[in-house]
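In order of appearance the chains are A, B, C, D, E and F, and numbering begins at 1 in each one.
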Amino acid sequence: MNLHKHFMAKLANFKQERTRLNDIMAKHANVEMKKFIHLDSSVYESGHLPSKTKEMMGLVASLVLRCDDCILYHLDKCLNLGVTTEEIQEILTIGLIVGGSITIPHIRRAMDALDEVTTTDLKTS
Amino acid sequence: MNLHKHFMAKLANFKQERTRLNDIMAKHANVEMKKFIHLDSSVYESGHLPSKTKEMMGLVASLVLRCDDCILYHLDKCLNLGVTTEEIQEILTIGLIVGGSITIPHIRRAMDALDEVTTTDLKTS
Amino acid sequence: MNLHKHFMAKLANFKQERTRLNDIMAKHANVEMKKFIHLDSSVYESGHLPSKTKEMMGLVASLVLRCDDCILYHLDKCLNLGVTTEEIQEILTIGLIVGGSITIPHIRRAMDALDEVTTTDLKTS
Amino acid sequence: MNLHKHFMAKLANFKQERTRLNDIMAKHANVEMKKFIHLDSSVYESGHLPSKTKEMMGLVASLVLRCDDCILYHLDKCLNLGVTTEEIQEILTIGLIVGGSITIPHIRRAMDALDEVTTTDLKTS
Amino acid sequence: MNLHKHFMAKLANFKQERTRLNDIMAKHANVEMKKFIHLDSSVYESGHLPSKTKEMMGLVASLVLRCDDCILYHLDKCLNLGVTTEEIQEILTIGLIVGGSITIPHIRRAMDALDEVTTTDLKTS
Amino acid sequence: MNLHKHFMAKLANFKQERTRLNDIMAKHANVEMKKFIHLDSSVYESGHLPSKTKEMMGLVASLVLRCDDCILYHLDKCLNLGVTTEEIQEILTIGLIVGGSITIPHIRRAMDALDEVTTTDLKTS
């Protein structure tokens, strides 16, 4: 029970720590770094492809490159844009097949966050 | 001119060599390898997400992992499924931002194939 | 002393957390993902090569790809299959030479687990 | 406040844990591993290029390969050799551009350590 | 037929070019580089583990890191040490499962060399 | 002799092909891609650190990420900015130690280009 509560707060903790670190990064970033960060936001905005499709691509890219922070970030974005649990499973499966078993620990942690979110939703609805 | 012709056949040559090597691989693959290859095909089939979206994800994953063969394969699949040139540009841009300048040589070669295809289409239409 | 105890439980904690996450993954995995996970088990079973040799290859692959979870998993498997401490050292050294100094932090953590196991064995024997 | 204190000790904790693990590694390393570790030290010594330039290269290599431990190690070395905050920013920016947005979580953590060090220096001066 | 002959010489060409480049490298390598190259040879020599097992580990490490030159080198070593075709298949399958579909182009090329060698052996025997 | 001439033109051929592909990329790049390419140039310009140091860092980053095109590009830049052969050796050695034996094929090809350049210089002086 105690363990469950600890993980219930996983995505929230991640976001809080991410905000704290982004503030520090904003303080120390030089002009070129800031330009890159701006560009990094703009490429996920809707253009010829909708933002939703782009965030899915961000998720699969993060998985095959095995970056937990990036996975959680794009997972959260995807869920907010209405990507369903079944679609998330298919996205992670493509990452798994492209990237191999070495991606499994990251999929486990992504599914831990996914489980937390879907379990919470069921309870609050 | 001669140089241009040489590259006009780029995607065709890639496919021909790929077929030759796939035949050799089929000859030497064991049961587990064959199961994986089957799985590798099935995950790009339409499910909760359409095949088109999955091929786009295959393209971006191939780019950030910097595999020319995989990029050309998924690029060809995307074009056959009706992904437009503008959409390809946005997919490659996400790969570029996620994966950095180290992906540029691969983007150059992908665009060389893209240029070949679009130039040929214009001439034959 | 307190610090030592904390690390004594390292491999046990890893296994417990791994089990918890595998249960969550089993709950959310789709058919293709389950097929991959099944395949991932079967390739380490004895065939033309014994399971022991395959687990050693799993360990070196995990090290050069720098995945702590995968390293600990295959290290544990190797030890259970009778791979000696001296052999583990040679496996990790091959990973170090192939993968370079960037693998050192992972080797340090693998040796921390190895030290825990061998120290415990000495004390209990 | 409490949170800040926790991170004030970040670089110190990293060094302490690194020392503990290096002792364990020294205990379990075989001859070839020890030769590599010796070589790993000697290549950063001043030769045709000064040690300072070499540590900067070690930092950028660690960033594009996305190894937090290696980044913190070379960041600390750079700061001790007199590399300025502005220079660190330029080094990290090159890593960011070469390696892409996937390096950002590592830059955030590097800047967290950098912020800790520079804030502490201001307070103690 | 012509195409087949071209590939018949694949492994021989690889070795010839490798020798040419090694001579150039020997000419330009500094002391530390030479020490590393010496170390790189010694770790594959028989110790607690036989050279054969170590070359298999070199092959799987090269595959998951996706380096064609390294794959061909260790494949050749394995074959010379008596590793069978069936064992090679199992080694490559472990690399495929660990590293995912992104390794397939490299497996194709490895199997092209393997096919060349086994076909030649059959013809000359 | 014939073989030597073939490689004499290696760096020149690389530059010519790079220019051809850059023209194609410029034709197909979208706004965000162009912004990134601009940023990619600007980070190597002299700032708090001189361009020469930055190009050395670009070379080491390219080596550990194992991108031949990027290595040749930064090697050429370094040589033009007056980095000596001995310094190039030290830069490549750091990349070798950080990235391991998997970088050796890339170092061989870099040294092949270096050998071509230095041999030509001796002959023309």
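The rule we apply is simple: a contact is a pair of C-beta atoms (placed from the backbone, for glycine too) under 8 Å apart; a residue touches a chain by one contact, two chains touch by 3 or more.
All of these numbers come straight from a predicted model, not from anything done at the bench.
Enquirer: I need the common contact partners of chain C and chain D, sorted by label.
Expert: The common neighbours are A, B, E, F.
Enquirer: What's the overlap between the neighbours of chain B and those of chain C?
Expert: Output, common partners of chain B and chain C: A, D, E, F.
Enquirer: Please name the chain that ends up farthest from chain E once chain centres are defined by their CA atoms averaged.
Expert: Farthest chain from chain E, going by C-alpha centroids: A.
Enquirer: Same residues or different residues where chain E meets chain F? The copies count as same if more than half of the interface numbers are shared.
Expert: different
Enquirer: Decide which interface, B-E or D-E, involves more C-beta pairs in contact, and give its chain pair.
Expert: Comparing D-E with B-E, the pair joined by more C-beta contacts is B-E.
Enquirer: On a C-alpha centroid basis, what's the spacing between chain A and chain C, in Å?
Expert: From the centre of chain A to the centre of chain C is 27 Å.
Enquirer: Please work out the Cα centroid separation of chain A and chain B, and write it as a whole number of Å.
Expert: Taking the average C-alpha coordinate of chain A and of chain B, the gap between them is 26 Å.
Enquirer: Hey, how far is the Cα centre of chain A from the one of chain F, in Å?
Expert: So the centre of chain A lies 35 Å away from the centre of chain F.
Enquirer: Residues of chain F that touch two or more other chains: which are they?
Expert: 32, 36, 39-40, 43, 61-62, 64-65, 70, 86, 89-90, 93, 96-99, 101-102
Enquirer: Mind pulling up the chain A residues that touch chain E in the complex?
Expert: The touching residues are 64, 96-103.
Enquirer: Contact residues on chain F for chain A in the complex?
Expert: Within the complex, chain F touches chain A at residues 32, 35-36, 39, 42-43.
Enquirer: Can you list the residues on chain B that touch chain E in the complex?
Expert: Against chain E, the touching part of chain B is residues 18, 20-22, 24-25, 27-30, 32-33, 36-37, 40, 61-62, 65, 67, 69-70.
Enquirer: Contact residues on chain E for chain B in the complex?
Expert: Per the touch definition, chain E meets chain B at residues 3, 66, 85-86, 89-90, 92-93, 96-97, 101-102, 104-105, 107-109, 111-112, 114-115.
Enquirer: Contact residues on chain F for chain D in the complex?
Expert: Chain F residues touching chain D: 39-40, 43-44, 47-49, 53-54, 56-58, 60-62, 64-65, 70, 84, 86-87, 89-91, 93-95, 97-99.
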